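Heads up, there are several structures right after this.
Shared chain: subunit A. Partners: subunit B in the first complex, subunit C in the second.
This part shows the complex of A and B:
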């Protein structure tokens, strides 16, 4: 998983098992509710997609949230016009996001480095501003695009009853949840989660294939030294553009899935700080690694859900065993980092990671693993060394 | 004609803010080669220095009146700013002019913040890729704005300009138009004037002092200046402090125009970056020119006549210009060759 020792097939199988067990694993942490687990899967997809662009080619896009928003809007429009079935909605969101990525990528990829970042940022901000102003007929402005009872819904108009329909997969409701009791733990098995998780596994598998393919190798070459590639007569543009479009389609899929879980779409999904969050996830986990982005997305979404819930009362509870004055001071300090202030924690952790651990959490795990491994190897080496010395002495004799 | 002058004037105040922030960004980029995503946060910090300073100045003392009583029979509370009690009219004058007076406070504070930032964090990122510089300063920006939020809350805090500078002035009369044709808020004119002074000051400092000459030499060829036995790092640290001060002052003076909240910096950061890129990475005159240009363009785009032809243009004009410039003149308007062209 963290080295080359484990084969891809094993990684994939392990990955599937972990993803399938998330409802069970997350339950003791208090994170086993459907909305959060869906976020794990969906933002995992988003981060994998971003990593295909940033991790492989080194092009830092600061406008990826635009594709997420476009995907959401497309999916909700499909729900409104065609059917509440999620399949056409997802297909459309991937396609539309792909077209957007093609256009934006075609223009932005003419420049590299910081200029590329600024260009993608400019395009994303344009989409965001337009969604709020002129495109209100399509995006419904600040209210956000929502379902309504009098939507046409050509394919399932017959089934529309007095209440708003929910997205489904051939009749299987995305919100359907079955609570199972496992050793006293309430484990919630949510269809929406498993549906997204299936896509996560698919996305992971495709990313893995890309990483191992000649195409992926070419992208890595772009990151390492684009000039040298150009000098050898390779036109890198088609490769980077392909990576950009794939990455955009991943984001579109994630946006579509978000709409499937909760059928509404708003422009705030496209604001540039949302793009920043995608970058945070990828870097925190480890850009350029297969598993890093997914770990980053999960950690951030988990921390967001947990930390933002604590308030001063809860924090004070932790320090109850301390003397009053000290407890109050500690509470005052710690309370700044949780609840509404959890972004402060995020920012600090992110700065620390970028400064000391540019490879992200995955590199951290690898370093710890390497440290433990080296201690084992050291003994071997010492033994080897003494053997050699022994050999020398015998030879001298 | 009056309309056009009015739109140009309207563009000037936003343009001044863009120009000031972009100037600082370019200074940092040109000297240290660092892409500073936390620069908007410095603008925001400047604004909050004013907020804090005004709060301190208008600290009130409550005394109970001995003669007057309220309708309920309890003694009337008299609220009186401490400064007024101490200094009388001069105290009131200080409170009225708190925004202008806070400039004096903001200069050392912002300079120290800038130097601490450079020595404490940015220093370690010189030899690392630009992507990592962007990321770490982006993280720093989040941290700074969240710290401000924990202390000041998420709501905008309004600041008022001094009484004498609060109203409208009839700028048209100066240019020979009919009175009443070009009404313009006085404070925005003050802001523009202030921006011109600061920008002029920075340019003069770079152009006419020995220190500035060394810095310019360092921007052109850092290694050679180092070989001549000059501690260029120390001077660049000073320039970072100066850039932080310029951004902070831009924020201080902007408070009466736009009530600051903790996200103020992020909004301005994106636009200022675009200003820098349009002006040409590493070019100081380019940054200033592009700042004013984009500010004016934006105000023209928000005219109703223009909006009728191209709906929504006011929202995206800056980004659109940036895209066009980057694609047609990759170095920006006044950019030098060889800057960030890897």
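This part shows the complex of A and C:
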């Protein structure tokens, strides 16, 4: 899956198969419940979109969570005003996030490097603060934007009593889950997951097309030498702005999907650590690669769900076989890295990956693949060697 | 009327008069060399042609249009390409991609949103890029990543990138600086072959007199920001003013 020899079509087919099998693959790991699987797909979309900006152009946005939040608010407003059908909600999420990205990108892209990052960070924090203050009529402040029974919902039939309605796709409920038994394994087939996964596949396919397009080539050229590109007759600003808007729309879609799975939106979704998490996902998996960001998002969401659940009692259980004193010490140390402290683990893993595997987990997989198939690679190397030699002769002519 | 006409250009950096009332007239389809000691203002002058610097006063006309106030990409789209003093290429990309990018820029203009087109399907662009690489003798290496090349090869690549756009005017800033004699001679041959095979105008900044006298149709000598002589190469060698400028340089 990581070699360059596999064609894009094959990669896409394998990707679809893996995504479709996630409920089965995640179940033995205790990760096969709807909320977590939905996160895999939705944060995968977010990371793919972020990678179109950061991975291709090298512009490191530290404010992408703002677009995620904007997407969620837009979707919930659509649920309140128009219909519980997810389609109009998602369309609005993408559009509004796109408009926000256009404005923020237009201003921030006047600078590059660290100044660009700081500008995006400032914009995101501004959105976050505004959501709590001036914009409370739209965001409902700290409580967050929620559904109410007496919302207009002009397209849906009126409902004045009973339960709150749930987001659906033409009547198919996002919450609908069927549990099937596969060889004694309880596999949960959740409609919300498959719906999000369909968007993940679409998002992946679009990213793949962008990576292989002349547009994508220009974005890569921006990353390696923007100066040369300018003197080559290319106006780099609209290219970077287009990448910024596309990646903002991806984030808006992700935010909209989050609201489809759980119809409420809060400002905490836009806080700067949320933006930082998107950066971590992309770099951990492998910035600039097609699959890396999705892998990074899955690993982080999985680790968050698992590690944050362990508490001191659980950890002590692991060390029961050791003498009491030692077990206590080990428990004390390890407990710092789980539960609320799981971010410590994340930070540690992140540092190790950036130091030893700058290309992220995908590079790790590639190295293992290279190690296993070394014989095949040797020929490639020899070919490359003869190329270099050929080069020397020409240069000396 | 020349293809590039520079009149009364002045440029100051703080207290330093980098360009002092520079006049230059470059005829179409000739090789015009600008020589002069280090710090004379040669690179500064070139930067005023490509939109990197704006002169304080004076005019720069290319093909009848003013270049003053235009952005680098606009000037390039008008038909001016530039080779830098240290080669500027896309080091993370392959050699072929390096040459396809300027070809795209020439065909599609300064911006085109084409996220669903495939680079693979652009056979005309690829063939053109390969043709250019063939002309500089780098075709076999086209799938190599550009960062892995020698400096001489990077310079050739940069040349191919510029040629891919069939510029009317090609500006070269010390194209043989830091090269071994063999590479320098290869570069001279390449430039001659390019100049002879198509309608193109060169402005070459050069330190190496051997290169200058092998190539130039006309030479301007710049010293302390001022053009002290502009003449045919055969008249430059014996000119006392030129000797003085260079002797002064040697004493430093």
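Here, the second predicted complex is superposed on the first by the 370 of 397 C-alpha atoms of A that agree within 3 Å, B and C clash if a C-alpha of one lies under 4 Å from a C-alpha of the other, contacts with A are read in each partner's own complex, and residues count from 1 in each chain.
The rule is simple: a contact is a pair of C-beta atoms (placed from the backbone, for glycine too) under 8 Å apart; a residue touches a chain by one contact, two chains touch by 3 or more.
Keep in mind that this is a model prediction, so the values were computed, not measured.
Undergrad: Touch test for A:368: subunit B only (first), subunit C only (second), both, or neither?
TA: neither
Undergrad: Does the superposition put A:336 against subunit B (first), subunit C (second), both, or neither?
TA: After superposition on chain A, A:336 lies in contact with subunit B alone.
Undergrad: Looking at A:60 after the superposition, I want to know if it touches subunit B, subunit C, both of them or none. Which is it: first, second, both, neither?
TA: It touches subunit B, and subunit C stays clear.
Undergrad: With both complexes overlaid on chain A, does A:110 touch subunit B (first), subunit C (second), both or neither?
TA: first
Undergrad: Of the two partner chains, subunit B (first) and subunit C (second), which one does A:235 touch, if any: first, second, both, or neither?
TA: second
Undergrad: Does subunit B (first) or subunit C (second) touch A:214, or do both, or does neither?
TA: second
Undergrad: Give one of first, second, both or neither to describe whether A:164 is in contact with subunit B, with subunit C, with both, or with none.
TA: Neither partner.
Undergrad: Mind working out whether A:355 is in touch with subunit B, subunit C, both or neither, as first, second, both or neither?
TA: After superposition on chain A, A:355 lies in contact with subunit B alone.
Undergrad: Could you look at A:202 and tell me whether it touches subunit B, subunit C, both or neither (first, second, both, neither)?
TA: A:202 contacts neither subunit B nor subunit C.
Undergrad: Go through subunit A and flag every residue that touches subunit B in one model and subunit C in the other.
TA: In the superposed arrangement, which is not itself an observed complex, subunit A uses no residue for both subunit B and subunit C.
Undergrad: List the residues on subunit A that touch subunit B in their complex, please.
TA: 58, 60, 107, 110-115, 117-119, 121-123, 125-126, 129-130, 132-135, 272-273, 276, 279, 283, 336, 340-341, 343-344, 346-348, 350-351, 354-355, 358
Undergrad: What part of subunit B is in contact with subunit A in the complex they form?
TA: By the definition above, subunit B touches subunit A via 35, 121, 124, 128, 130-132, 134-136, 138-143, 146-147, 149-150, 154, 266, 270, 273-274, 277, 281, 311-312, 315-316, 319-320, 322-323, 326-327, 330, 340-342.
Undergrad: Quick check on the complex: what are the subunit A residues that touch subunit C?
TA: 206, 209-210, 212-218, 220-221, 223-225, 227-236, 238-239, 242, 246, 384, 387-388, 390-391, 394-397
Undergrad: Considering the complex alone, what residue numbers of subunit C touch subunit A?
TA: On the subunit C side, the touching residues are 50, 71-73, 76-77, 81-82, 88-93, 97, 100-102, 104-106, 108-120, 122, 137-138, 140-141, 143-144, 148-150, 152-153, 161, 165, 182-183, 186.
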